Amino acid sequence: MSSPVERDIVSLGAPAAHAGPAALPSDRWWQRLLRQPWACAGVVIVLVAVLVSLAAPWLAPYDPTTGVGGDKLLPIGSDGHLLGTDDIGRDVLSRLIWGGRTSLLVGFLPVVIATVLATVLGLVAGYAPELVSGILMRVVDILFAFPTVLFAIAFAALYGPGLWPVVLTIILAAVPYLTRVIYSEVKAERGKEYVEASRALGASGAAVLFREILPNVSAPIIVYATTWAGGMIVFAASLSAVGIGVQPPTADWGRMVADGAKLFALGAPQLSLLPGLIITLVATALNWVGDGLRDALDPYHS
Amino acid sequence: MTTTLLQVDELRIGFRGRREVTPVVEGISFHVDRGEILAIVGESGSGKSVTASAVLGLLPERSSTVSGSVRFAGRELLGLSERSLNTVRGSGITMVFQNPLTSLDPSFRIRSQFLEVIRSRRGVGEEEALAVASRWLETVGLSDTERVLGSFPHELSGGMRQRVVIAFAAVNEPDLIIADEPTTALDSTVQKQVLDLLLSLRRDRGLSVLLITHDFGVVSHTSDRVIVMRAGRIVESGRTADVLADPRHDYTRTLVGAVPTLGSRAAAAGAVVSGSSAGVTTAGVGAGVSRPPAGAATADGSGADEDALRAEHVVKSFDVGSGRRRRTFRAVDDVSFSVRRGEVLGLIGESGSGKSTLARIATGLVPPSSGSVTVFGRSAEQLGSAAERRRFRRDVQLVFQDASSALNPRRRVVDQIAIPALRLGVATSRAEAREQALSLLESVHLPRSMGQRYPHELSGGQRQRIGIARALSARPRVLVLDEPTSALDASTQAQVLRLLHELRDELSLSYLFISHNLSVVESFCDRIAVLDSGALQEVFPAEDLASGERGPVTRGLLDAVLR
Amino acid sequence: MIRYAVARVASAVLVLLGVSAVVFAVADATPGDPLAGQDTQNMTEEQLAGLRAAYGLDRPPVERYLAWLGQFAIGNWGTSLSGGRPVTSLVLEPFANTLVLTVAAVLLCLVFGTLIGAVAGFRQGSVADRISMGVVQIGHNAPTYWFGVVLVGVFALWLGWLPASGMRDLRGDGGVVDLLRHLALPAVAASFGSMLILARLVRSKIIDISHADYIRLFRSLGISPARIRARHYGRNTLPTVITITGLQIGALMSGVLFVEKVFVWPGIGTQLFNAIAAKDFLVIQAGVMLVAVTFVTVNLITDLTLDALNPRLRTPRRTA
Amino acid sequence: ACTASTDASSTASVEDPTVIVALPTEPTVFDPNRQYSYDTFRIDRHIYETLITEDLSTPAEDGTPELVPGLAESWDVSDDGRTFTFHLREGVTFSDGTPFDAEALDVNVRRFTDPDFEYFDEESQARMSGVFATLESTEVVDDHTFSYTFTDPFLAFPRYVAQGNYVQGVFSPAALEEYGNDGLADHPVGTGPYTFVERKANDHTTLERNDDYWGDAPVAEKLIFRTITDESARASALRTGDVDIIANPPADAIDELAQSGYGTPDNLGAANIDFYAFNWANEAVQDVRVRQAIIKAIDRQGLVDTVYSGHAAVARNIYPLSNEAFDEGQTDADFDPDGARALLEEAGYEDGELSLAISTYVPKTAEYIQSNLEDVGIDVEVRTSDWLTFSQNIADPGDDVALQPMSWGLLTADWLRVAYSGYVTRIGDGGQYIDAAVPEAIDAAAANADQDSYVQSFQEANQLAIDEALWVPLASPSVGWAYSDRVTGFVSPGQNWVDLTTVGLSE
């Protein structure tokens, strides 16, 4: 009979050969994302929207900002105006094509910036000692209690109405929300043992937060942020409807809906329906991407 | 009338990868008769837990494939709907999962969870259910039932949680209990108590048990038959006595041969230590560090400055309960000890005696309520600069008892190991860190391909070894190991222990080694400390463990060891 | 816990002070004259100066702020700049009306958001999941104003089931049923904005929980799926639900402006908006303070509840 | 479209009905000396009465509403046009029982004129100065005779007295005493056909019939005025029967409403005119050729058809249709893009060289005009803001802004003077860039004490204003109303407000 040690040597090679799913080349998150049909559809829709917006000068058949008085309110399918014209005779198709530029910018940019800011704030506040986190969260509370519209009006008054006040407003409006979501997730997470383990392994506060906890709270962040983005296209439209946002005659989906809503029951529902549907579609697509991303980053999701 | 209760035929289990299904169980068949206890032993990662889960339809639906047949009391379980399965689960079959530490809902007190379990199968009032619960907790050796019932899971020690789960499984008197390593976190006394409980249930109620274990003591004490699994297949099966006495298959022989036995310290230690290190690479760990002066390891009288780890009058108390039931509980009570450079100090004691708490304090993760801990003269609480802190972290490492919880669920295995190494400055580049991590995986007997997995895709023993590899990657000078091999089969355990031994010899590492397995403690440690209800009972050289003059606690533990 | 609660309440007062100072500063910093919007074109400079003095607008901002603070604290909220009505009569009732709408919307959001999120989480990809999520997606992503117009078009104009606007039937005596009928559409419109957020986060949480070992344990013990959902999923998603609900009360309060506009709900949003644009400081301050008190209270309750719900925070943390 | 009156005879009418009216803006304050905004006056003219009033029972088509006695049974004007003596109606009491007489009127006047008066109110003084700035003295001649004397001839005064803002509705001195200067707004007490019941901010105001009213008893028991700012919400409220009458129905919806049987009387002659005022600080428009070019470039007919959906009359001078000085023959330049281009060239602007901005709160009109102007080579940027922000900046919108939309008007010929000082003098001090003859002519007309040539002298001044292209009149819109077919007795006069005392409901 041989000694245990020798037999161990024999057995050493064996498990390696067997040990289950072998040398899986690690697939990246975006590969996992694209493997999900809904997320894929979402990516495609968002991409198309972005590309069409970028290519607007070449794609749009008419100038989106000028119309001809005589041709107003043409129905869908009119000669020369595939999707008809609006109440001052501008080509709806052209306006839709151009309209994504501001809408997408306003939907994405501030949310991205706010997400980054809020993630840092929320992580720090959730993990820092009580005093620091208390102060941080109270500052967030102040932002919170502050009416968004007041920001909007103040920015518009200071910098003139336009896109930037809206972007700033959305950032300031979104930060407290996202921060609180992340904050409470972090608080729930920080007591877990892997966090303790990472500290044992020498992780500094920042490393614990960003390398260990962040990936584990990424799901709500992604979900929350992608949900916001869609809503913000709409919010920006609401702001511009009261004169703070995008300036006419710039085409903007949100504004088209707001302006068209008045004609909704008066025989021209398409004027608000078309841009409304597009906003909904893009926002929904974004939500799909969000859900997909969430799942792609979820190690349990195969 | 057939006496077969559970009949498993040609069971195949695979996990879906991106393109292909990877088989982990490749057509196994076995059966459990009424009133029979069948033990499954086998290599870590051989598919034991997965098989158990498959029987009750508890494998993740999306990522796994199951085929073959599982018949319980004549009824096919595979393919049953969740609702039909529910009539079997709980009253027909219950299960004790391998990882008891995360099995309880963290949001509810034990009382509430227990009542739920009891009342799901019996129409009893709260009062009565509570009485039943208390009785069962006592039966599994949890005498402070009031405190246990009023605790949240995280307030209980590993062994306490494991016993709670066992009580859950048994309380509704099922026909079959599938127990996956049910006693890994238990000291020998309690282990025996629990196993005897199973035996008595079998005797009185005709209970059948499918017992998955690594512990041959448990196997021989409890089971009627045993099957041995390796690499997804059954390599041997038969009556327990036959298999143990005369193992046929090579693997079984290896396994049985690797079991350390109590009272043979010199022999066992010798066998392990003298083995060649062929096939085991320590490259990722020991490179570039010179050997310490020979003999330092076991010398008893070295000076105090040679103390690697030193605890003085350490006390830790917790506030437990709520409202009027609130009280202070001393988990660690004025403990002082030291571990010398190159020494292995074993720490034993009953479940819940404060070992894990002490381990956390020793590694500076938790500040003691009073008293102090120093590592090479430095106290964890007085670390000034970041560099100093990193140095301290490098010096002392902890292998967590709850291997699963201590792994970041969103990080691949290789990075679990590589990133801390990089952070602590052990490796200088990402590639180097990864390479070291992969070779460490090999050192703990895991294939390099494991590196690509996420923690939840591993077996219990695999996770435990990741924890060890991770702690080693820091190249610590002091290593606190909290039940590091409880989920490992004997041969893998021997492998890991030998690795630790070699490292100690090469690098003069010091270990604080916590374990319930007295034979391992005896063979691996230089000295042994015994903890009882938070207080240190005695410290003695390992050779003296089996000698007559041990205190009552130690003797109790010794007496209960299953041979 | 008690000490923590007391400290939090104290800090809430500081937050309110902070809010009032920031609001005052921002309102003051924005260019424009409170009197410009009041058809004062025909007045001479002296007349305007007289009007300004009458409102105390000629004093330096800090002085005005402190004077306001002192008066506000003792319950004297002053007289509106745009025409001399007492501020209380301008803000208290609208605020109460907004609260009514907000509470209704939050309840809707809470019930349906959680339900839909749960369906989506438990039955990922099922027809019920896709349809309910789809509806909420549309409700959320459709511009509030447009959505409101459509709701009115369908339920008030076309079907004639519900009133199109206002808070009560001015001809009737306005019982609870009347209020509910008027609440229905605006509450639905308002709740959609937040429902999606709640639904999606609940979905995400439920998927997370479904991987947990304790779910597997209770399944293995034969606890019925319904019970596991109600109890274990329920309890463990609760923190998420509470966080989001707390947040969305805030979102709803500041977001109802547009809903108030379409449904002609006599709430604080409209009032604040007008006051802000008119630079009617006292109304802005009073309105914002009321809203801020609500937010701060909600946040406080949310935080305390979350802490109470987190077992690891109930006893001193291990990682003290 | 006038179906209501015919129906009234055939169907039984509701006894003591409650009539609900939706207005587009929230009333300011029911304090006759502090209020501004005509929506406020639309409500509280039923509470407070004026000495002279307008005959609102004639529809807009019949032209400028006549002045008729109100709280004064008659009035005399001195030959120098400076003193106005009112013979007050006897036996009138305020709804709180206080008698109305010259003393009561004196309290009203002293509140905004006499700094020594106990209830003198600075704010009232400032606001009322719009009309009373040149008031020299007043006199209680006897119990029921009261006179005002102005420093200069002021023949417009009687018309002003009948109108909304800056003009006294008469309140009860007892109420002032009881509630103070600030309290009056929430406790309005007058002599009118209705009394105040309650006001809910941003929601509604309720008035109740004054049973002791001296005149004909009003039909409706209660009048409720709701604020519905959103125009489509206003239309919906009418459709669902939430309200009976709405003011300013959305132009897009008028035809549709008319088809469904709602009364939608146009009142193109109401006191309003929509026009663009120049910002005289903008260099380009200081040149009369540029101003004329802009007028020529704008297709006003197209604008009325498109933006107003036809519910407006093209405006060719600053006087609204119902103004006493309105003369159809006075027109500014015709639509003539080529002419416009030529003028621009003459002024030194090649195609595309001129760029300017429009600051506005009504983007649609601005967008329309933007495209008109771009057609003649003017590069236009439109800046939209909300009304209040917009109005803050009217006086100084920034030098690049050349045009701002205005919407206002009065029925008195004096409107020209008001417009001149409000839109030429105050916005960038435009007087320096135009022929001095214009202001001279306006001042002369205002100082004209001769009743017979008074209006004509303003028309002459107006012609000079047209030649100088002082503004861009766009449209005389219908400040319309829409009401359900149950409403009886509703008349839409050539004025921005209506008399609701005759309005009732049929079953």
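Labels A, B, C and D are assigned to the chains in the order they are written; within every chain, residues are numbered from 1.
Note that in this section contacts are C-beta pairs under 8 Å (C-beta built on N, C-alpha and C of every residue); 3 or more make two chains touch, one makes a residue touch a chain.
To keep track of the chains, here are their UniProt names: A, C = ABC transporter permease; B = ABC transporter ATP-binding protein.
Only a predicted model underlies this, so the values are computations on that prediction, with no experimental measurement involved.
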Farthest chain relative to chain A (centres taken as mean CA coordinates): D
Centroid distance [mean C-alpha coordinates] between chain C and chain A, Å: 22
Rounded Å distance between chain C and chain D, as computed from the means of their C-alpha atoms: 38
Computed distance of Cα centres, chain C from chain B, in Å: 50
Separation of chain B from chain D, taking each centre as the mean of its C-alpha atoms, in whole Å: 87
Residue numbers of chain C (touch at least two other chains): 31-32, 149, 153, 157, 211, 277, 312, 318-319
Interface hub residues of chain D, defined as touching at least two other chains: 232, 236, 386, 389
Of all residues in chain B, the ones touching two or more other chains: 60, 154, 360, 365, 456
All touching chain pairs, where touch follows the definition stated at the start: A-B, A-C, A-D, B-C, C-D
Chain A to chain C touching residues, read off their complex: 134, 137-139, 141-142, 144-151, 153-154, 157-158, 173, 176-177, 180-181, 184, 187-188, 190-191, 196, 199, 219-220, 223-224, 227-228, 230-231, 233-234, 237-238, 241-242, 254, 257-258, 260-262, 264-265, 272, 276, 279-280, 283-284, 287, 290-291, 294-295, 298, 300-301
Complex interface listing, chain B residues touching chain C: 53, 56, 58, 60, 82-83, 86-91, 94-95, 97, 99, 102-108, 116-117, 120-121, 152, 154-155, 165, 168-169, 172, 318-320, 322, 360, 365-367, 404, 456
Chain A to chain D touching residues, read off their complex: 65-67, 69-70, 72, 87-89, 153, 156-157, 160-161, 240, 242-244, 247-249, 259, 261-267
Touch list for chain A against partner chain B, complex: 1, 3-5, 7-12, 14-27, 35, 191-194, 196-204, 207, 211-212, 215-216, 218, 297, 299-302
Of all residues in chain C, those that touch chain B in their complex: 211-214, 216-225, 227, 231-232, 235-236, 309, 311-312, 314-316, 318-320
